[in-house]
Structures are given as C-alpha cells and as structure tokens.
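In what follows, structures are represented as structure tokens.
Shared chain: chain A. Partners: chain B in the first complex, chain C in the second.
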Partner chain A sequence: MAQKNIFARFLEMDRRWLFLALAVVVIVALLLPPAIGVRVTSPVTRFFDVIDTSDPDKPLLLAVDTPPSGLPELEPMIVGILSHCFDRGQPVILISLQMEGVSIAERLVAQVQDEFNRRAVEAGVERRIRMGEDWALLGYRAGFSAVILGLGDEVRKVYTTDLYGTQLDEIPLFADYHNYDDTAAVVDISWSSTPELWVQFAGGPYGVPILVGCTAVSAPQYYAYLQTGQMSGLLGGLKGAAEYEKLISHPGLATRGMVAQTGAHLLVVLLILLGNVAFFLDRMSRKRRK
Partner chain B sequence: MELATDIWVWVAAILTLFVYSFLIKDNPLYKFAEHAMGGLGVGYWTAVLFYNVIIPDFWEPLTIAIRKLSMTPQNFDAFMAREGFSQMPQIMQDFSPGVSILLLLLPAIIGLLLFTRYIPKIAWISRFSLAFYLGAASGIAIPNTFQTRILEQLRGTIVQDAPDGSVVPLFSFDAWRDFFAAPGIETFFDAISGPLLILGVVCTLSYFFFSKEHKGILGGMARIGIWFLMIGFGASFGYTVMGRVSLLIGRVQFLLTDWLGVAG
Partner chain C sequence: MRRQIPLVIVFVVGLFGALSYFIMEPVIQDLREQMLTWLRIIAAFALGLGIASFLRNHGRRMTRQVPGWGFNVVAILSFLSMTFIGLVWGIEEGTLFRELFDNAQVPMEATMFSLLAFFIASASFRAFRARSKEATLLLAAAVIVMLGRVLDFDWLSGITEWILEVPNGAAQRGIIIGVGLGMIATALRIILGIERSYLGGE
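Up next, the complex of A and B:
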C-alpha cells in the first residue's frame, strides 16, 4: 500500500482537531483585553441616528422576539438599545411575539435599570429609571400579524394590562400612548423572520420606522429592505452589536467578543487556504507519481 | 478565579459541556441534554400558552360573558369585584354577552377540531379547521406581502429616495457627474451601486427564466446572474459562519465569566 503524502494526510485530518483549535482560539481571545477596533457601517449608523434623533418623549417599541439560543448575538443589542434610550430619557415599551422573549426582556431591562441606577447613585444624580415611567413590559401575545396590526389601532385592545397585571391606564407611560402614531420607532430584535412581519404590517400600512437587530444568519436577506427604506436601520449579528456599542460609547459583551470573532475568522480563512493548497499540491504530487 | 455559587449556573454549565461532548462523539450525556431541552421546551411552551392565551383570551372572557347573562346586575358586579376584574374584557366592550360567547366558542371549536386528526375515521373534519386558518391567514398576508415584497422591492430596483426626500432614478446621471467631478472611492460606489443593482436583478432573473434555452444574449445574462448568485451565497455563508462562531463565543463567555469567573 502506497504511503500517503503530507498533503493527503492534512486533507483527511480528524475534524475534531479543528474543533479543538477553534475552542482554543476563542478561549484565549476571550481572556485577552478587547483590543480590536470596530469600524461602524452605514446600516448601524442609520439605526443609531433614527433613535438618537427621535423625539425623546415618544416611547420606543422594543419587540424581543428571540429564544435563549439567539442571545449570544442579540443580548448585546437589547442591552445597548435600552442603555441608549435610558441615557437620553426616552421611554421603552417592551413586548414579545415569541413567548421565550418575555423572561429575556424582563431580565435584561432589570439588569440595565440596576446598572443605570447604580451609576446614578455613584455620580450623585437624582434621576432614576423606574418601571411604568421609563419602561413597561407588556409581555407575550400570540398571533404575530394580528398583534402587530392591533398595535397600530390601539395598544389597549391588544394588551389590557402589563406583564404584572397593572391596567395600562394606571401606568404613567401610557397616558398619551395609543398606537404607532405615538411611537418613535419600532425595534425588532429577532432570531426568526418576524422583522418581515413588522415591515409588512407596521412599517408599510402605518409608516412607523422599523429598526431591526437580527442574527448574522438572517442579516443578508434584510439588506433588500434596507435599500428600499422599508427598514430604517439594521444591526446584523455580533458585529452589528459591537458597532452599536461603539456609537453609544457603551462597550459590552459584543465588543469583548470581537477579538474572539476575529481570531475564529482568521482560523477559518487559514484553514480554507491550507485546505485548498493541500488539495492542489496533493493532486500535483499524485499526477507526478503516475 | 471566582467559581459561581448559583446552582443553576452550574446546571447550565454542565449541560453546555454535555452538548459540546457530541463533538468528540455521540454519547449518553449529549442525548440526556438534548432530551432534557426538548422536554423542558415543550413544558415551558405549554404552560406559557395556557396562562397567556387560553386563560386571558378564552376562559376569562367566556366565564364573564356567561355570568353576565345568568346573573343579576348586582350579583354580577359582586362577582367581578370578588374575582378582581376591574374592567370588562375587550370582546365584551365591543359585543353583547351572547355574541361574545359565540365569538369565543367558534374559534375554540375550530381549534379543537384539529385534534380529530388523531382519530382516523373522522380525521377529515380537521381539514375544515385548516382551510379556515389558511384562508384567514392568506387574506391577511397576501395584500401586505404583495405590497412590501413585490411592489416596494420593484420600486427599489427603479428609483431610490434621496437624503433630501426627493425620488431619484437608481441609474443616476448626477451620481456619475459627481464621480467625474471628484473621482474617489465614495463617489465611485455612489455611481456604480445603482447600475450594478439593476444589472444584478435583471441577470439573476434571466437565470431563472426557463422558457427559452440559455443561449446567446439570454445565456450570457444568465451566466452573469450565476456570478451574482454566487456572490450572494458567499455573503450569506460568511454571515452564517459569523453567526455560528458568535454562538460559540456566547457559550464560552458564559463558561469563563458566569461559571468559572476568569474573564469579563
């Protein structure tokens, strides 16, 4: 039996070595300080500008439409958007068309509120973030398109109470809030195709700006909507979240993950190059032997 | 290094390691984690749907509507106060109690009929429910989908909205004039992006035109279309790699920060 050359052996390498290499790269990168600079792209700048130039008295409608499996990419976006709004004194109404999104929204809004209030205490600032004034969590409602259309008519017809059973009329944030006319923008943080529903049933018929934060896998399909203006801004994956963190000067999980992301990408590119080189050299070597 | 003291962080960390053990080879630990996740997911969904949909959208309004019909006004007010209902359900604000009951029971019955699929002899009844559901969903979706996914996208291939609010053609002579006046990367991409988009859409559509053999001009356009498709697939694949790596980063961040306390 002919002995295999080094290129053939490389091509037949046990894939578990690649998994190990990727794990080592990611672990080492996460232990390093976040030293990678992030260049902010146009879709993220547009996303930021829509929120930053909107009327701070008008609430932002934030739909958390993701299960836990989407969190590594989407959690930094939710934290970033909440921080951005709270910093500029803009109220946020949180809803979810995906039932697991409720507990995620509840945890993250409490986390950002605690962080904001802790910093306020340290800085000696009187302003505090409060439920009912700065944010409200309405929870989950079944029926995707019906919910989105209903919110364009009157929020009280879709949600009679918030997640904790308080009537909307008793919550100060809803004193002058009824539908999309009173909304600064709709932000959908999603791991599925819900952004298209928001475009179809809210952006199209009611003209409210639609901002989307999605997983990297979904991002390419939304560029068409961005180009036509049907979506006003787009955060795609961890990179999009890191760019947004840079714009709001609030480095977080996404910025820390960028070193690991870059390291993993370099490894993948290196392996693709080595695989191709090994493939052609192996073929040449076999031809020569013949 | 500061190990987590929360038992649920340990449970999550151990289950994470169980799942990743599949990369070495399939094993009972991975299977345990997989089945536990499936079971917990179904249980969670059932509970949330029951308490967020069945109770508030069906059971409570139905109970209130039946009581409204069967009780005296004084007894009904006492019932509402005792049960903690401060206002009538939305459906009863719009309809009388009798009509509300009908409007609540009809969709419930249509939904229950779906379960006839489990009884082979009367499984055909479930088709009525499916037909109703598909008809209603299509009626809601088709006009909006046509508007947003076809008409607006078609418009986006012909014109674009300028920053000053005006509508300009995608193939803009002004953009080319700007480029020749001040040649640079930014002005070049402003000028080329519109024609490139038109070319990409037309050539890609040509590739999917099968009524004529792909020869001559059509063949050339279809070949260019393949290039655009390949570039699109490449971009999607790149994003997919980024997404999958992000998931790994998220889990490793959890293990290093929340569980082991060595990073962050």
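Up next, the complex of A and C:
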C-alpha cells in the first residue's frame, strides 16, 4: 500500500483539532472588547422603520415562537424589540405558538421591564413600565394557523384571560384592542416555519405588517417575501440583532456576540480554503505519481 | 358507508374552508369562526396524542432494554417530573419548574444547537470542495456571504446583499411556488376523495 502524502494526511487530521481551534477562537473573541463595526442592512432598517414610525398607541403583537435552542441568536432580538417599544411608550402583547416560548417571553419581558424601571429611577423619571398597561403576556395556544386566523377576528375568542388568569376586559391594554386592525405590526421571533404562517394567515388576509426575526440559517428563505413586501422587515441571526441594537442605540448581547461570530466565520472560511488547497495538491501529487 | 361518510365530511368541510375566504356573508363568516374554534380544540388533542406516542415509544425501548435504553429512562423520568412539579407547584416565575426550565433546559438546548458550529467547522474542512463548476459557484457564494455578514466593507456588504436578494430570492421564490402548487394539488386530491391514505388501510 502506497504511503499517503502530506496533504492527504493533513486532510485526514483528527477533527478534534478543528473543534479545539474553534473553541479557542470563540473563547478568545469573547474575552476581547466588542469593537466590531456593524453595518446596518436594508432588511433591518425596514424592520426598525415599521416599528419606529407606527402609532405608539397601537400595540405591537410579539410572537415568541422559539424553543430555548434558538435563544443564543433570538434572545437579543426580543430584548431589543421590547426596549425599543418601551422607550417609545408603545404597548406590547406577547403570545406564543410554541409552548416553551411562554417561559422565555415571561423571563425576558420581566428582565427588560426591570432594566427600564431601574434606569428610570436613576434618571429621576416618573414613568414606569407596568404589566397590563405597557405589556401583556397571553401565553400559548395550540393550533398555529387557527390561532393566527382567530386573532384576526377577535383576540377574546382565542384568549379569554392573560397568562395569570386576568380577564382581558379587566386589562387596560385591551380596552380598545380587538384584532389586527388595532395592531401596529406583528413580530414573529421564530426558529421554525411560523413566519410563513403569519404571512399566509395574518399579513395576506388582514393586511397587518409582518416583521420577522429568525436564526441566520433560516433567513435566506425569507428574502423572497421581503422583496414582495409580504414581510415588512427581517432580522437574520445574531448579525440582524446586532444591527437592530445599533439602530436603537442599545448595544447588548448581539453586539457582544458579533466578535465571536466574526472569529468563527473567519476560521470556517480559512478551513474551507485550506481544505480545498490540500485537496487539489493531494490530487496533483497522486496524478504525478501515476 | 364507513368510508363514504368521512369522505363526504372532508369534501364539505374542505370546500367550505376554501370558499369562506372569498364569501364575506355574515352567516358564512360566523360558521368559519366556529370552525376555527373546533380546529384549535382538535389541535389541543394532538398534544395528548404526542404525549401518548412519546411515552409508548420510550417505554417500549426501556422495557425491551435495547442498547442505550438508559436514555429512554432519563427522557421518561424528566417528562414525568417536570409534569408533576408543574402541576403541583405551578409554572410561574420563581417556581421550581421555572428554575429547572431556565437553569437546565435552556442551557442544555442552547448547547445542543451551538454544537452545530463545531460540525460546520469540521464539514467545511472535509467536505466543502470545488469539485465541479456548480460546487465552485456554491463555495464562492458561501465564502462571500460568510465574510459579508461579519466584515465591515461597503463592496463586500453590497455583493452579499445582492446574492441574498437576487439569486437566492429567485431560487427561494421558485421553491415557494412549487411547494404552493403541490399543496393545492394535494388539498384538491383530499377534498375530491382521490387521496385517501389518511383514512388508513389502503
């Protein structure tokens, strides 16, 4: 049996070395200061503009349709959107078509509320964020498309109470809220195909603007909807979240994470190049030997 | 008769579901709302079906002691304990259920998803080869998009956006239209009783 050349041996190196390289790059990047410049792209600007130019008296419907797996990329989006709305005094109604999304939404809205109220105390501002006035959490309902269509007719037919058992008619936020006509926009933060359902069953029939936040791997499939205007804006992955943080002047987890993501992307590109160079050199070397 | 009644129900309900989008008469719309309520109730039953299937599959592997059956025990125990804890002490903020969710389930699921990065790194080195013209095109597009998503250069960002909006948008639209037509064809086959596999047996 012929001895393998150096390139073939390089290509067959133990993959644990690659894992180690990635771990080192990510850890070192996370220790560095978040000094990466983030260029804001058109899908994110459109996303921001829809919220920023909407009537602040009309609530935003925020669907947290993600399990914990999607959180590293999607959590900064939820935090950013809540901060943006609370800053401009726009109420937010949180729902979930995915059961685990409820606990995530509850934790994050409490976190943003506490942060906002702490800053208000420090700044001596009287305004506070309150449940029932600035936000409401309705919880989970099974049935994807049936829930989305139901919300277009009357929210009270889908949810009679909020997550804590209070009748919707007793919550100030719902005094004039009934359906998508009273909604500034629908935001779906998702790691599955729910954004397409929102386009089909809310955006299409009722004309409410649909904004989508998704993982980077899902983002390319929504560009077609973005181009036709069926989606009014798109946040794709950690980069989309970092761009949004830049627009709302609220650097957070995504801005921080972009350093690690930059390091990881550069490493992957380097590995692709090295792998291809070694592959062709190995092939040339074998041909020459023959 | 046992087969004809379900076929008639599917025909009537399917046809009504499609037409109710276009007929704005109050009677039709009221009935449509009623059907949406039924749909949500049926969807809730699917959850029970999922739980039964989960317990059956894991239980069977556990009792037969197939290789790795210890993981099935962990799955069933985790499911039962979270259900018990949630039912007894509630699921609100500050409860044991929430502590377990935030401090065990969230990091575990996030870790599983993050592990993908390691496999992508390994695959990019071993499998992503410019073996043909098509593969080279794909590779070049992937490298540009990966760099364009993280590096702050005007020209690179422009090319990245163009790749995502034009060639990618066109390909995605083709897929979406194809899937849409397929869904319409399947729905028509079911409504008209041509496709009957959902009845079982055949």
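The working rule: the second predicted complex is superposed on the first by the 287 of 290 C-alpha atoms of A that agree within 3 Å, B and C clash if a C-alpha of one lies under 4 Å from a C-alpha of the other, contacts with A are read in each partner's own complex, and residues count from 1 in each chain.
Throughout what follows, contacts are C-beta pairs under 8 Å (C-beta built on N, C-alpha and C of every residue); 3 or more make two chains touch, one makes a residue touch a chain.
Small disclaimer: the values here were computed from a predicted structure and weren't measured.
Engineer: What is the contact status of A:264 with respect to chain B (first) and chain C (second): first, second, both, or neither?
Structural biologist: A:264 contacts both chain B and chain C.
Engineer: For A:21, select first, second, both or neither according to whether it touches chain B, chain C, the two together, or no partner.
Structural biologist: second
Engineer: When the two structures are overlaid on chain A, which partner does A:139 contact: first (chain B), second (chain C), both, or neither?
Structural biologist: It touches chain B, and chain C stays clear.
Engineer: A:229 contacts which: chain B (first), chain C (second), both, neither?
Structural biologist: first
Engineer: Figure out whether A:30 sits in contact with chain B (first) or chain C (second), or with both, or with neither.
Structural biologist: Only chain B; A:30 stays clear of chain C.
Engineer: Going by the contact rule set out at the top, does A:272 touch chain B (first), chain C (second), both, or neither?
Structural biologist: Second partner only.
Engineer: Between chain B and chain C, which residues of chain A are contacted by each of them?
Structural biologist: 19, 22-23, 26, 69, 71-72, 100, 141-142, 145-146, 149, 157, 205, 216, 219-220, 224, 227, 237, 239, 261, 264-265, 268
Engineer: Okay, in this complex, where on chain A does chain B touch?
Structural biologist: Where chain A meets chain B, its residues are 16, 19, 22-23, 26-27, 30-31, 69, 71-73, 75, 99-100, 102, 139-142, 145-146, 149, 156-157, 160, 167, 196, 199-201, 203-205, 215-217, 219-220, 224, 227-230, 236-239, 253, 256-257, 260-261, 264-265, 268.
Engineer: List the residues on chain A that touch chain C in their complex, please.
Structural biologist: 11, 15, 18-19, 21-23, 26, 36-39, 41-42, 67-72, 100, 103-104, 106-107, 110, 141-147, 149-150, 153, 157-158, 164, 205, 216, 219-224, 226-227, 237, 239, 258, 261-262, 264-269, 271-276, 279
Engineer: Under the definition above, what is the set of chain C residues touching chain A in their complex?
Structural biologist: That would be residues 21, 33, 36-37, 39-40, 42-44, 46-47, 91-93, 98, 101-102, 105-110, 112-114, 117-118, 120-122, 124-126, 128-130, 139, 142-143, 146-147, 149-152, 154, 157, 161, 164-165, 168-170, 172-173, 175-176 of chain C.
Engineer: Hey, which residues of chain B end up touching chain A in the complex?
Structural biologist: Listed in rising order, the residues are 23-24, 44-45, 48-49, 52-53, 57, 86-87, 89-90, 137, 140-141, 144-145, 147-149, 152-153, 155-156, 160-161, 197, 232, 235-236, 239-243, 245-253, 256, 262-264.
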